[in-house]
Structure formats: structure tokens, C-alpha cells
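Lettered A, B, C and D in written order, each chain numbered from 1.
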Amino acid sequence: MQQYRSDLSIFQERESEARGYCRRFDTLFTRAVGSELFDADGRRWIDFLAGCGSLNYGHNDADMSAALIAHIQQQGLAVGMDLHTGPKKRFLELFARHVLAPRGLNHRVMFTGPTGTNAIEAALKLARKVTGRHNVIAFTNGYHGVSMGALAATGNGYNRMGQGALLPGVTRHPFEGYFGPGVDTADMLAQLLDDPSSGIDKPAAILLEPVQGEGGLNQASRGWMQRIAQIAQRHGALLIVDEVQAGCGRTGSFFSFEPLGVVPDLIALSKSISGYGLPMALLLVRPDRDQWRPAEHNGTFRGNNHAFVTAAVAIEKYWQDDSFSQGVAQRASLVTRELQAMAAMVPGAYLKGRGLMQGLHVGSGALADRILRRAFERGLVIEAAGPEDEVIKVLTPLNISAALLAEGLSILQRAVAETLGVPLPVRAAQPVAGRPAASQPAATAVAAAHADLAQAA
Amino acid sequence: MQQYRSDLSIFQERESEARGYCRRFDTLFTRAVGSELFDADGRRWIDFLAGCGSLNYGHNDADMSAALIAHIQQQGLAVGMDLHTGPKKRFLELFARHVLAPRGLNHRVMFTGPTGTNAIEAALKLARKVTGRHNVIAFTNGYHGVSMGALAATGNGYNRMGQGALLPGVTRHPFEGYFGPGVDTADMLAQLLDDPSSGIDKPAAILLEPVQGEGGLNQASRGWMQRIAQIAQRHGALLIVDEVQAGCGRTGSFFSFEPLGVVPDLIALSKSISGYGLPMALLLVRPDRDQWRPAEHNGTFRGNNHAFVTAAVAIEKYWQDDSFSQGVAQRASLVTRELQAMAAMVPGAYLKGRGLMQGLHVGSGALADRILRRAFERGLVIEAAGPEDEVIKVLTPLNISAALLAEGLSILQRAVAETLGVPLPVRAAQPVAGRPAASQPAATAVAAAHADLAQAA
Amino acid sequence: MQQYRSDLSIFQERESEARGYCRRFDTLFTRAVGSELFDADGRRWIDFLAGCGSLNYGHNDADMSAALIAHIQQQGLAVGMDLHTGPKKRFLELFARHVLAPRGLNHRVMFTGPTGTNAIEAALKLARKVTGRHNVIAFTNGYHGVSMGALAATGNGYNRMGQGALLPGVTRHPFEGYFGPGVDTADMLAQLLDDPSSGIDKPAAILLEPVQGEGGLNQASRGWMQRIAQIAQRHGALLIVDEVQAGCGRTGSFFSFEPLGVVPDLIALSKSISGYGLPMALLLVRPDRDQWRPAEHNGTFRGNNHAFVTAAVAIEKYWQDDSFSQGVAQRASLVTRELQAMAAMVPGAYLKGRGLMQGLHVGSGALADRILRRAFERGLVIEAAGPEDEVIKVLTPLNISAALLAEGLSILQRAVAETLGVPLPVRAAQPVAGRPAASQPAATAVAAAHADLAQAA
Amino acid sequence: MQQYRSDLSIFQERESEARGYCRRFDTLFTRAVGSELFDADGRRWIDFLAGCGSLNYGHNDADMSAALIAHIQQQGLAVGMDLHTGPKKRFLELFARHVLAPRGLNHRVMFTGPTGTNAIEAALKLARKVTGRHNVIAFTNGYHGVSMGALAATGNGYNRMGQGALLPGVTRHPFEGYFGPGVDTADMLAQLLDDPSSGIDKPAAILLEPVQGEGGLNQASRGWMQRIAQIAQRHGALLIVDEVQAGCGRTGSFFSFEPLGVVPDLIALSKSISGYGLPMALLLVRPDRDQWRPAEHNGTFRGNNHAFVTAAVAIEKYWQDDSFSQGVAQRASLVTRELQAMAAMVPGAYLKGRGLMQGLHVGSGALADRILRRAFERGLVIEAAGPEDEVIKVLTPLNISAALLAEGLSILQRAVAETLGVPLPVRAAQPVAGRPAASQPAATAVAAAHADLAQAA
């Protein structure tokens, strides 16, 4: 078995300055299982980051591991380009049966380069091809990736890197609620597109995330989203929904757009679609929009067969009925309750997001940073989102156990309390004897969690 | 063990029209080992495509399989974003020791999204950031990927899809030899960049493949390449070498630029860098060019730890000394000899490329297509490259056995002969008794191959 | 003396389909003086179009004619490129003394190609050069010209011609009032620019017309304009004010921004700056923004000396004190009053604009077209503006006589009444004996006008 | 009569740094007639710049002056937008009769904004509209103006100002002879456009000047130009010829493309089209390419009626037969002979251009600058062209008298001799008694000129 020493000097010496997360979480991770991470010295963290949403089923799901090992042992293909292969066939069958069919979707599956940004690139190119137009409506705080096509649609100025006029073809529009509750930004878009002199060119597509993962957990309401879909239809534009972070059950339903009552033309999936953290991405294409010519958009790693193997397990294991969704909803309720308790400790703080994609807006990135650093010291890996990284984002595996969820939330609560210098709520005052205080879950939280999640286990 | 039925209807029904290779190679592949592919019915093909260059060490290398299974069994991380992880550390150490150090390179390693196009996107953004310029010189028939930044630099009109002004920032220049042997296109570039009124904006970078993989196996000579490097330096532009297809030993040396006597500022690697066909890409950055800010260019799957595990095995197994390179050279000689024999059978045909990245220009894509279809029927997976897909490209695993190499070349030779309606050379006249003619290696070829490759085995 | 026959066939045969105004005003104009136009058959029209705002002092001002003839007779230069010439010197001196100095402006004068669009092109290039940024904020319904740089900032979709991604570098923002009275679009801009994740790149400039001439006479309020100026300053962007149509006294003050309490970095002037309808344009540049290198932005006709001659007369004759401005204000009051009377005749109609740049929004372009055609038949040349050409725009010479103003307004009123099929207001019921009804001014209007304008004559 | 004092301080104080020519020619010009310029102090210069080619018939042609004064006196329109007016009608008739018809052209006339760059903008937009493509092939050292659309096609880096990706839609190609006599750049273009993988998008247009005015007097041969026209036709691209500087007789024929045997789709004219130096421009459009919608491309000063008046005189006076062209040819021969004499005085110097658009390449911009400054001191206004301003460009009025032409060339010859420190050729050794040496024509040159031009007077 491979052993790793904890010395980190090679990263300073040899890895590019582009590295990011490792600066905050500065240790050598060597093992992970379920919702827990371990470093080379055996130290443990609860994982509230979940591979940035690529580990919705946790680390090293035993069934997926077994299937993947079996695939390797029987010399299944690893890379398959876009050849027909067994695992791809099986994935397609299961995905069609358990994901598409029950939701009334007849979309075709396009396997793109195995990252979210590649799927978005494919979507934008297809929308432009189908419509013969160039303009794409994208939204404030939208995040769609960092390759140039997707980056043009991404709001984050840090990632945009001042590439300026090299990022053409996008008209930015305010997301729902951007200007506060009194301003309907869908009406605004309708007015702009109806006005032949507004200067907004007829769009090839409207691209959005129903819940903005990196942008700060802003979420679209059912009414707004339907208005957007109507606007797209009325103007002959394709509706592209980016489900890269919010999809695969993150908000409870498989797709985050499901409860919003729309049917997108194109749907981008990545991150958790493989179920195991393996690189994979796909674009769902409404059949009449599938106007690709053979190999027009290509790429070597479109056929990551290891990912297809684990993805098939994930679909079969978690999505044959709605019990998994119910479990997400129950955990989400717990998260809401605990975040509300924390919000009460931070002046002006408030909750954002939905499902297991919720967070706490603490007012500033500096404060969030202090809380997150303290949480890491106490055994919790968790990150922030939003324009200034001011939203502490709870992104747990969707099947996290009641105990770990409660423990993680308790650590976060303590980190908030300690950073703010405020007392913990009463219920958390008595640590359970014999366990170290740092990772001590609040007693009531644990009890509540166990009760809540009993049937979802 | 997972069994797959050979029915292909699900692909027609559910996979996007964007699929390509599977149309030519229309069967269900289920197993692969070394240089052989097998379908659901047990039919065998020799693999002269090698995952489009992502399988330089063949399918399912036993040592890599073992290491990967061990990693999974000990619950190593799958996705690691850009966290410090054990496999990443080990890869960095081995890559620095066995690849960079012996070649006098002190570049830093940037892990990008796990596809070649993502590495190119990172390179272009960095070059533009470092120089404050926007223009990039790219070459006729260059191929760098299909996300919008990389696509702007890609020559292929089919892939460019008429996206037009959405692909800004690139000045196209003729590659070496584009206008025939009498025209030095490096001198042309020098003249254009020295002329303040040429209309060519000062470049941020010059981007090229030393051997153009998709563009038709056009190769840069040492003199031309050094001129290009001097021009880049003289004008303050970064030299970016795309080693996505030609790197990792494909031409014999680890990097295809090694024999050309240049030191690029940025080097993109992908395809075979994981050794096993797993999605992975990286950008090598000269330290003084490493002006990234933390997480400025990011992406979830930058840390494919499964790929790091196999990549480490690949480096350690194949690149500790030059014996592997010698083996490539020996196989390459054999390929040259056999392709020359085939060239003699096709009026006007000639050889292109170098190392195990050689091909036969047969004059038209239509002819190549007929030959390739016949080869596939006879048990050989092989593809074409070039503007019209008129160059039959031999892209075997670099460690293909003498017997399989000879057998594959023999199939190809027969396909050429049958398509052209010309007799085989004499040495191939007598099939070995007891084996089906279709996959019958030419006797002399086998003998020659065995002799040639004896010491490289 | 040159005689012209009224046959128009040569235009159909030989002039491009791009011609526009002549389709509505389909006769051969041969003479013009003051506020009147005459065709080859001697028919007369009152001119409420005024060369689209390029004839603020009317046609063939006698003093300008005399000065121009003298210039020609003494063999003064016609074209002077950017040489120092006498007329240019004199214009500079008078413009500095009578226009810039009294308004506390110390801007430098850049002579650009002699059209408004060329001045805007120069402004955008300079702003981008000074700031090193690429993005320019421009507004819905803004109109800045049709060359590609200016066109990118122009809202009109018809003029944008689907040139798409060839019009880069502009972020469109809603002008004041675009979303109705309750929505402050300056606050919106402030929020977007303060948000590092809004996707709006830091601007090189904010470009706007204080009164949108072609866009439908939308006007910026003092408070909104000051907010915009503050936002520009706060973000290091240049404030560019397009005074091409609204400047040179059109709204009463020389610059339309004067009453709004801002000092733009760059100010574009054209149309009436020559005073006589001769092609001329200039860009006023705040001295610290004057970072041009010699001849960096050039053009042969920057030095139209005939225009400088008449421009000097215009400045000296009309702008030595504020009597001219007062006359504009008095005429504007009359226009307001009469347009209000017309508004009462058209369901839903309302007034727009200010000064002698007012109009009547009649609800649809189709209705406006019918009114305008009828007005033309009755002896009035007048046009519409707005996204659908639904705003009838009164753009008289600024020194139009009381009688002609009243007569023109009366024709317009009748055209409205006849088109709508409603009776004229009572005061217009009795035509003056002996004059044809069509061009009969409303008696009360004439009386009112004479009284109102007595001191401004 | 207006008097101007020679003090220049107002220009330093108030004119933008963008001013250029006036820095070299630093005096106050107040009068001009024919081929002579005079400053406020009565000093005289011979004009070898001719308004940068906008004064092909010299300053203040008496017939044009008379016609213009008459037009003003009879209150003809100045600005006419695109209304039908008498002078426009007359110009159209004469231009069709004397210019288009004799050359077999049935193009329609589009009046654009009155500068060359505006005509080019219109041409590019129309070509993109007609073809539905975006790419335009433009050439090294091409000069088409400085508004953003035209600037994208302009080679000069100084004028391009690093606007970078804001100048999209142009592929640069080497002009004829750019890589020396052995390299056929038309063949190169053919190869690039025939290659689907060259990376050059199918063009909407090919845009070029048959003689590059600002780019250094590079000229296209008949064979090369015809190849370019064939390539355009073969690929469905429009051929746009920029005749802004080379047209209106500058090279002898009315259009510089006439002797080259091609029929462009679009032809841009400006500069000397008004004949008098007044701002005017037009685009000739092959009827089947005239796909403009009404007012799609507009602009206030498209109808500069003063310019139409003088343009009509110019056509009628100079282009009813070929005597004017013959006069140009005779003067051009003289210029050639004298420039050859000068070339013999400057090591490495050689002649460029044709007609009265010839120049002397003296090897460096620094040397040219010294010669030009000396020439100005001695009474000659003349400029340089080329990438480094290293080509001294003789751009006289086309009807310059024999005496002035000889005198100007003599001044230039002396300036060359004095700058290089070499003796004048023998024939110029004896100044004529009683005249100041500075403006002393070489005796033989004058005699030769008188003889040569006797019949052309």
C-alpha cells in the first residue's frame, strides 16, 4: 500500500501559483470515505465541501468502488472516446429509464469533454448554431466555467481576469432579486428584448443556474423561471439550464429546475453525474435541437468509461424512487434550522439557497474567512461563495449521516460563536462527556438529527 | 461481472448526433488490453488509434490497474480539486525527478481541467495576462481543442462551425512547409512582426504543435522551430507548445519538442499523461511566467487522483531511463518501412510525421475512408487525419508487441491493396497456415519486427 | 444659374436602396432659406426637421453665406487636414472665448472626421487608451452613429443590422426611466459596477446623450445625470457626453448637459457646430485626458475650413450672450403648449423631450407615419423618432420666426386632427380669410407666438 | 476680408495633441490656389501633398468656386441628408454619364458619411450582410481609415492603437510582393481559402487598394489583381476596392483598378470626389449587391450639397474625354524621371507607385524626415508614406503646371542633395539669375517639363 509523508514542500516548489483550495486547507489528504476526509497524519475532517458538489453520494461509495474495481479487473475500457462501449450503453439505459423518463424528458445525451465548462461550451455553440444568432443572455453572479466560451457567461470578475473583448457574445442581465424584492428582472428582460432599439441583440440562448452555486446561492423562483422560459420561447432563444452544481439531487430533485415547471432545451450536467468524483459531463439536448453534425464538437475524454461505471451505479442505487430525494429534504430542514440559529448570532446574517445547497450570508468575505479557518481547525472542511465569498456554503454529501451532519453543523456553530465572541445557544452548552470539545456536536442537534433522519437512513 | 449485450439501438435513440468515431467503428466494445480491443461478441481488433493518443502505454497496463485498484481499496480520494493529496504529491515528485530534471526544465506544474482544450485555454489566458496583449499566433492545420478559446486557435473549419467573430484574438500563420519547400514561413512571420504596418498585432504568444496530430502529421524542423522560438523571444511573446497528442513519448522523446532545441514558456500535456486513458491535463509554466493568482483559473476536476495514481506508475515504469524511447524508435522504423511499401502501391502517396505518429498521405479523404473501412472489417481500428482526412494515421500504443505491430501493418497493407486493386508485395503472398487471411501478418514483416524489437521487449 | 428639372427617375435608377428620407419626402428640393424649403416646382415646406438638427440657425444664414463667399473669393483653403489655417484659428479663439470660457470648461478641441460618428469613434478610442480598459457603458435607445465603433454603442437594432459579435466592447444599460418611474437605473448601474461578480467589466467610459435624439427624446434628469457622473468618477471611467444632436443650443443652453450640473471628460459635437449644415465634428477633451499621440487618430476632412468659417460666424452671432438661449426657451414654451393641445387629441399621447427637441409620443409608429405623411402633403417637413418611430419630433431651426413656428404647428395640429378624425380645438376654427386652409395657422397660436417671441426677435 | 495674424499659440493651448501635419508644417496657412499654398505672412509653398489626395484638381479651381458661390447665392441647400436635391441629381447624372457608362459600370451610388472611412464602413457592413459571413481579407500595409470597422482592416499599428480584440473580423494577408518577387501571395490566398483546415474563415469580402497610398505606394499588378478577383468570385466573397486615395484620376485613369481588368463589387470613393476638397464620400455598389434596406446605414452629412456642386463641375470639366488622363500620364513620366535622378543620389533608394502617386523609398523614416523638413524650409509641402514613413510621396495636384512641377521637383532634389551631402546632377548646377536659390527649379527640368506638358496645358 502506498504511503505518503505529510511534507508539503513539493507543492510550494513545483505547483503553479494557480492552486487555491489547498492554501486554506493546508494538509496532505490521503483518504476519504463517506463524508469524512483524513490526512497523512490520520487527522479527520467532516466534509461540508463535497468536492465542490462532485461528491453528492460521498467519498468512495462501496458499491461504486466494487463496480469500478470489477470493471478494471475484467479489463473494461478506460478511455473510449465516443465509441460505443458497454458502460456507456448501461449508463444511457439507466439514465433514460430512471432520470429522463419519469420526468417526461426525451432529451438526447451528448457526452462532452468531462468538465462542466466543456458542457457549457457545447451548449453555447449548439444554441448559436441552431438559431444563427450570437448573443447569449447570462446573469449576474452566474458561474459557468473558465474556458473562454463559458467564461464569457461567467460573472466573476476575478475569473474573468480582464480578458475583456476576448469574451464576446454575452449580454449580462440581473438575476432574480438582484435589485431587491420590488424589481422584477424577468419583466425587465422582456421589455429589453421587445424593444427593437434597446441595443440587446436577439439572443441565441438564455443561460442560467436555478440556484447559483458559486454566485452566492441565489435562487430562481417558480414564477420568475417560467417567465424566463416564456421569454426564451417567445424570442426563439434556447433555454439552457446549468445543472452542474445544483443538479444530481443537490436541491432534492434530480434537476434543480424540476420544481420550477420549465423544460429547458439544453441541460448541462457534470460534477456529481459520475457519482464518484470522476470527471464526466454531459449535455442533454431536446431532440429537435440536436443539430450537431458528426464529431463537430469533439474531445478525447468524452468517453470516461470508469465514470460511466460509477454513474450507472449511482443512478441505480439512488434514483429508482424518491426516497433519496426525501432524505435530502430532511437533511435540508435540519441545515435550515441550524443555520437559522447561527444567523441569530451574526448581526445582519441571513440564509440563502435551498436543499443541501444552503448557506449563511454573514455580511463580508473577511468574516466568513475567519469563521471558515476556525472551522477547519476544528475539523470541518467548508467553503464560501458569493461575489465577496461572504456566503458560508453548506455543501455536504447528500447521504451524510445524521451524526456527521449534526457534528459538522455544531463545529460550524462553534466557529461562528468563537469568531463573533458570542455565546453558543443554550442547547449546546453541555458537551457530551468523554469526547473532545472541538468536534462535540450540540446535544439537541444530534438528537434532532437522529430523529429527523431515522427513516431516511 | 457486468455483461453487455451487443444491441446498439440505445445509441441511435438516445445519444446526440455529435457522436463520431462510433459511426465508423460501429460495434459495442467491452474489453481492451494492451494493443487489442474486443467487442461484446468477442471479436478482436488491433488498436492503431490508441485512444487518439491517450493510450501510449496500451489498455489496462497491469501495473497501473493494480495501483489504481489498491488506491480504491484503501479509500484514496477520487476527486481532489486542487487540494494537496498523496497521489498528486507522488506524481509531482516523480514527474519532476524523471521528466523535468533530466531535461533541464524547471517549469512549474499547473493542473487544469482534465482535457487538452482546458490546458490550452489556461495557456492562452496566462500568456495574455503576462504580456498584456491579446493576439496569439496559431498555425494552419493546428488543432488545439473545441472550447472557444482553444477553438479560436484551431484551424479545422468543420470544428470552427462558423462561430466567426466569437473566436477572436488569433492571427493564423502558415505552418512550416505550408507553401511548399521553397517558402520559409518562419521568415515570413519575422517580417510580418517586424513591420509596424503589417496589421499583425504584437503577439502574446505563439502556439504550435511540433507535429500536428489532427492537422495531418505536418512536422516542424529543428531550424524552423528555433526560428519561431527566437521570434517569440524577440517580440516578447510566450512560446506555447501543445504536446497534447505528440507528447508523452509519442515521437520517441517525452516531449516532441526535445530534439528541436527549444525551451517553451508553456507546455500543454494531456491525453497520455495519466498513462491509462483517465482524464488529466496539465500546463507546464516557466517559473517567471507563473503569474497566476490563487484560483484565478479553476475547475472541479483539476484533481483527478485516480489519474495521478496511474500517471505516477507510468512515469516510474517507462521514463526512468531511455530504453522506452529506444523501443519507440525501433517500432517507428518498422512503421516507416511498411508505410513506404504501401506508398509504393498508391499513386502519389507519401509519408508524413515521425516516431509512432506517422501516416500515409493517400491523396484524398475518400480513398482513405475506403481503406480504413476495409481495415476495420479485417480487424484493425485506425483513423485518418489532415484537412480532408486524407492521411492514414498509425497511432499505436508505444509498447505494442512486435507481432501485433506487424499484424496490424499487414492488415493495413492488405486493405490498401484491396482498395486500390493492386497485388500485395511478394513477401506477403503466403499466408501462414491455419490462421484466417484477414488478420494474417505478412511473413517477412513479422520476422523483421521480431528481429527489430527483440531488445526492446 | 443652375436649373433643375423635377424628374426623379435618376434616383430610382442610380441611387442605392440605402436612401431613406427621400422616400417620405419625395420631391426635388432646390432652395432653402431660414426655416423654409422649396422644391424645383416652387412648392414650399416649413422645415421642422432642420437637417436632423444640423441647421439650428436655419438654412443659408445670410451672415454665414457672406462670410463663406468671401472666404472662397479670397481663395481661403477648403480642405486643410490638420494644418494650422486662418479659419481654424479664428474658430478656436471664438469657441474658447464664447463657449468654453463662460462655462468654465478648459477642454481641448480635437477635430475629428466631420461626422458625429467619427467624433464618437475618437471618444471611445481615447477612453480605452486612457484607461487601458475595453468596456463602455452605453444606454438603451442611445444613438451614436453607424460606423462599427459607434454602432456598437447604438441601440437601434435596425441599424445594428445583426452585425453581432463584430460590435464588441459595450455593455448596455437602461436609460433613466426605462423601467418606469419607480426604478432608478443609476442605482442599478452603481450596484452592478460595485459587484465584482456582476459580470460587468470595469468600464473605460460611460457614454450617453442627455436627451436621446433618435431614441425618442428620453431625457436625463439632473439627479440621475449627476449619479452617473459620480459612478464614472468612482470607477475611473470617463464620462462621454454625446451632444451631436442635443448640443449647439438645441435644448436652450449650448450644451444639453449644462443644466444637469456635470463636467464630462469628453464631449462630442457635430451637426450644427458649423452653423450652416457643413460637415464638421469635434471632440472636446479634458486636458488631462488628452493622451493622443500625434496623428494617432486622423482623417483627411478633419479640417473642413468652409465649416470653420461659418462656425465662427455662428459662435459670434449667436453665443456672445444668452439672448439666443432665451429665444429658444420662448419658442420651446410655445411648442410645449401646442403639443399638449395635440396630445389631448390622441388617446394616450404624451410629450417628450425639452427645449426645441420636443415631441409627441402617439403610441405607434404606424399612426405617426400617417400623421407625418399628411403633414408633408400640407407643407410641413417633420420626422419621427423612437424605437418604433412613434414619437413625432419637432426639430425646428432655433431661430424660426414666430409666424412660421405657429404655422408649422398649426399644420401639424391639422394633420393630427385629420388623421385621428377629431375636430380641431376651438381657437383654430376660423381660418384667416384669403389663405389656403392647409397652411393656415391657428389664429390664437399666431397671436400667442408673436407676443411670446416679440423680445427674442 | 478676414485677416489672420500668424501667432500660433492658440493651437498649442487649445487643440488636442492628436494634431499631426501641422507639427511638420508649422505655419498659419491662409490662402491656396492651384498648386500653391500661402501663409499669413505671404510665404509661398508648392503643394506636393494636395490635401492628402483630396485636391486632385488643385486648390480653389475657378470654375468650382464660381459654381459654389452661385449655389450659395441662390440659396441652394447646404446639408440635404439623403433628400433628393438638385445638385445631387446633377452629380448623379454626370457621374453616370461620364464616369460609369464609359467604363461599362452599372453600379449604384450610395452616399455615405462624407469621409473615406465611412464609405469603407458601409462597404464592410454590406459585404457581411450580403454574404452572411463575418471575415474580411485585408492586406499588409492597407490603409482604410480609423473608425473601428475600417481600422480593423487597416495595417498601421500606430493607428490601430492596441485596440486589439475590439478590431475583429479581419484576416490579414500579404499584399503583392510583400515577401519579395519570388513569392506569389495570391496563390497563397488561394491555397489558404481552399484548405478547410487552414483556419481562415470563408470571407465576406476581399478589400484592397490597387495602389496603397499610406502603406508605401505598393501596387498590384494586373495578373495578381485578376487572381484576387477570381479568388473572391470562387469563394463567394465580394471584391471591395478602396479608391479613396488612388481614385479620381490619381493614377491616370479615373479608377486605379481600370488598367487591371477587374470589376469590383463595391468601390469606395472619397477625397477628390468633390473636386474641391469638400467632405464627400460614396460607395459604388453592383446592383445585385445593393441589398440595403432604407436608411439602414445612415448619417446626417451624406448629403453635402456644396460638395455635389463642385463634384459635378469636376466631372464635367475633367472627365468628358481622356485628355486629363493623358496630362496625368505626362506629368507622371516627368516625376518618374526626376525621382530616378534622386534615387541615384541615395544609396539603395528606389521608386514606388505609379501615375501621380509615385514616391522614393529612401531606406529609413529618419532620412525621409530630414529631407522633408529641408524641402519645407525651401518652399515645398510634401509628406512620406510607408510603414516607417520612409517613402517620400509626390502627390501633386493632377493639373499642376509644368513650371510648378519642375520647381517642386527641383526643390525636392536639392533637399535630397543637401541632406545626403552629395552634389546635384550637372543640369541643376546653374540657378537662374534673380530668383532665390531655395525655390530655383533645375534648368533642364523646367525645360523638359515645359516641352513635355505643352499639349496638356
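Going forward, a contact is a pair of C-beta atoms (placed from the backbone, for glycine too) under 8 Å apart; a residue touches a chain by one contact, two chains touch by 3 or more.
Which protein is which chain? UniProt says A, B, C, D = Diaminobutyrate--2-oxoglutarate transaminase.
Nothing here was measured: the structure is a model prediction, and the numbers come from that model.
Comparing B-D with the candidates A-D, B-C or A-C, the pair whose contacts agree for more than half of the residue-numbered pairs is A-C. Where chain A touches chain B, the two copies mostly use the same residue numbers: shared numbers make up over half of all numbers in play. Centroid distances from chain A, each centroid being the mean of CA atoms, peak for D.
In terms of C-beta pairs in contact, the better-connected of the chain pairs B-C and C-D is C-D.
Work out the mean CA point of chain A and of chain C, and you get 52 Å between them.
Spacing of chain B relative to chain C, judged by their CA centroids, is 61 angstrom.
Note on chain placement: the centre of chain C and the centre of chain D lie 32 Å apart, centres being C-alpha means.
Residue positions of chain A touching 2 or more other chains: 134, 158, 162, 164-166, 168-169.
Across the interface of their complex, chain A is touched by residues 1-2, 4, 8, 10-11, 14-23, 25-33, 37, 40, 51-55, 59-60, 65, 67-87, 89-90, 92-93, 96, 108-111, 113-118, 121-122, 124-125, 128-129, 134, 145-152, 158-159, 161-166, 168-169, 270-271, 276-279, 283, 285, 290-301, 304, 306, 309 of chain B.
Those residues of chain C that touch chain B in the complex are listed here as 164-166, 168.
Taken together, the chain C residues at the contact with chain A in this complex read 133-135, 138-142, 153-158, 160, 162, 164-165, 168-172, 174, 178-179, 182-183, 187-188, 191-192, 195-202, 215-216, 386-388.
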